[in-house]
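Lettered A, B, C, D, E and F in written order, each chain numbered from 1.
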Amino acid sequence: MDDERFQRGLATLGRLDPQGWEYLQNGLEDIAPDLARHAVEFAFGDILSRPGLDLKSREIATLAALTALGHAIPQLEWHVGAALNVGLSRQEVVEVIMQMAVYAGFPASLNAMQAARRVFAQRDQEGRQP
Amino acid sequence: MDDERFQRGLATLGRLDPQGWEYLQNGLEDIAPDLARHAVEFAFGDILSRPGLDLKSREIATLAALTALGHAIPQLEWHVGAALNVGLSRQEVVEVIMQMAVYAGFPASLNAMQAARRVFAQRDQEGRQP
Amino acid sequence: MDDERFQRGLATLGRLDPQGWEYLQNGLEDIAPDLARHAVEFAFGDILSRPGLDLKSREIATLAALTALGHAIPQLEWHVGAALNVGLSRQEVVEVIMQMAVYAGFPASLNAMQAARRVFAQRDQEGRQP
Amino acid sequence: MDDERFQRGLATLGRLDPQGWEYLQNGLEDIAPDLARHAVEFAFGDILSRPGLDLKSREIATLAALTALGHAIPQLEWHVGAALNVGLSRQEVVEVIMQMAVYAGFPASLNAMQAARRVFAQRDQEGRQP
Amino acid sequence: MDDERFQRGLATLGRLDPQGWEYLQNGLEDIAPDLARHAVEFAFGDILSRPGLDLKSREIATLAALTALGHAIPQLEWHVGAALNVGLSRQEVVEVIMQMAVYAGFPASLNAMQAARRVFAQRDQEGRQP
Amino acid sequence: MDDERFQRGLATLGRLDPQGWEYLQNGLEDIAPDLARHAVEFAFGDILSRPGLDLKSREIATLAALTALGHAIPQLEWHVGAALNVGLSRQEVVEVIMQMAVYAGFPASLNAMQAARRVFAQRDQEGRQP
């Protein structure tokens, strides 16, 4: 275990979603626990924790990429929540996704918007802001 | 011609690249001039000019998406320059592209980084900052 | 509101699906009503309404693209219905989707075929022709 | 009917999944039976039956490609089972999918891993090994 | 060799491009001649030769798909020529590619348009119509 | 610097291509040296060095994925050479790429085959085997 990278990744992951590690681990511990660890160490610890770009900007980049890829709806849903948790407004999330109609086409944008809509509805139901 | 949308698009396009309209038109006027016009009116006039997200953040989203798509290197090169023109630092551009290794894989990130490198070299040669 | 473009888009959208605007609006009015409006004005009003290619041919192009993209199943289902509504036969829809096995691979073609199958079954249940 | 190619394809398909032809036909016989036939003749008969690469290696290639494509989850599930049927271990399947985090990004890898997990769980429930 | 399929494929390929087989073979004979043969037998012989959709409509579908995929510029260039050879007008080719801005985003459409432009310029230089 | 992971990655990278680190660094040292380091530590050190799947099988997976992605031609060329260096035959490389016609379509397969062809020709010119 690479403790420093793991701890740094866990801290960044926790800012994005306090239940993030639990969520990631639940889906992987019985099949590929190392993939969960690499996600924390590399994705969250090495890359998303880098200085040089604030976490809000990094979430804008991630929302845009996941929308454009088209095949990453579960990850997009998680990052819509994460983006709100680190300070993006719902309107900013909507703007990023809408902008992708230009670069990745309307279907990618429309499907991502429905994912955001589900996340917003879930948060409304839980009385969470934003 | 939809003059208000076109003028608004032209203004936003000009902030991203003063030669933007000339560049777009050169590539399309003899084959599909309407596509150039729709790019200005819809992409730059309707979407990128929207309030609710500043132009720097919009460029972060675009750089991320074009990197993730993988097939949009000419557009990525143009947007690397545009991103610098509206206030992103070279380091921020590099950070967005590097982050895409997580979401779209290393090849997409590496190819986009080479595109950014060409743009940086060109600007160095022209003595432009940043 | 850009009334002329909106009305033109609404007319083309209505030819493809009399409930099209209602469907589009239902999914977006509480999160991104402007995206619904841009879909009508730009996609249906500016592009699909252009002369130079008939609507049947345009639906062939759209079915092919949505099949090849792979991530656009909800839009593909809608366009299968739209294609039938503007005069393509079920066999022609099947031919376009089957052809995509050559250009985008069998998985994209197979998944699109299942989408078409669901639409055909739904129309059979509703007693609609074709 | 191209009997030699069909029989050769059926044999290879049967090694991957004894119910393979039934499964393929069920999904296509009422809409595009020729696509099922071409899948057997071309995909399984012409390509997967070629000498020069053993079937285990071919399944590694297929699992990698379907993971990277991102839009081929139903086919990936089928091929996870097929890969196990021709001698890959569960761990090898997991390794191929995990490796795709490097080349296609974490979302593609994570979604494919969940697909593999469903297949493993189904086989556990049926008491099948591996 | 599967002579009937090969001959049928060769005939359809020849309608799309009289030098088609020569071109295909040149690129593959020293590395993968069977891939050239399968392209003729399966792609052109089994699929593009099917009744149920005329060759002009099939080329519309192919141009749309290759534009949307984004990574298929050499094949797109060949099919722009093929589409003109079987009776599409240059304007119809342009319309299909422009429409892809809606479904696959502007970058895919813009890059495909440049490919079409190169083909048109080449044909002008050779004095070919259309 | 994470020395153990870096050294392990360097060793695996060196097996794939003795000049691999030099090549990677040349393209990144003046723009994103950390991306080169992460490629070594994460891609080669954490993932490709994992037990549970031999390096030849891992290269089969990578060739398949890079072919299917379509936008990763420079990486594909490097991995064709790497695959040969760790013991795949040219024929096996060709088989993997040809198989991708089934899963990702003929254009992706054809473009990858041309990339392999360039690598084979380069090695012939340098008198390298295989």
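Quick note on the criterion: a contact is a pair of C-beta atoms (placed from the backbone, for glycine too) under 8 Å apart; a residue touches a chain by one contact, two chains touch by 3 or more.
Note that the structure is a prediction, hence the values are computed from the model and not measured.
By the document's definition of touch, common neighbours of subunit E and subunit F comprise A, B, C, D.
Looking across E-F, D-F or C-E, the pair that copies the B-F interface, with over half of its contact pairs the same by residue number, is E-F.
Of all residue numbers used where subunit B meets subunit E, under half belong to both copies. The two sides are thus made of different residues. Simply put, subunit D must spin 180° to overlay its Cα atoms on subunit F, rounded in steps of 5. Each chain gets a centre from the mean of its Cα atoms; for subunit A and subunit B, those two points are 24 Å apart. Separation between the centroids of subunit C and subunit F, computed from CA atoms only, is 40 Å.
Here the CA centre of subunit A is 29 Å from the CA centre of subunit F.
Contact of a single residue of subunit F with at least two other chains is seen at positions 34, 38, 42-43, 47, 50, 66, 68-72, 75, 94, 98, 100-108.
If touching chains are joined by edges, the resulting network of the protein chains shown connects every chain directly with every other.
For subunit C in complex with subunit F, the touching residues are 68, 100-108.
Only residues 27-28, 30-32, 34-35, 38-39, 43, 66, 69-72, 74-75 of subunit E touch subunit F when the two sit together in their complex. Residue ranges of subunit E in contact with subunit C, taken from their complex: 42-43, 47-48, 50, 52-53, 57-58, 60-69, 72, 75, 91-92, 94-96, 98-104. Remark: subunit D residues 2, 5, 34, 38, 42, 46-47, 50 touch subunit E in the complex.
Subunit F contributes residues 69-71, 94, 97-98, 101, 105-111, 113-114, 116-117, 120 to its touches with subunit E in the complex.
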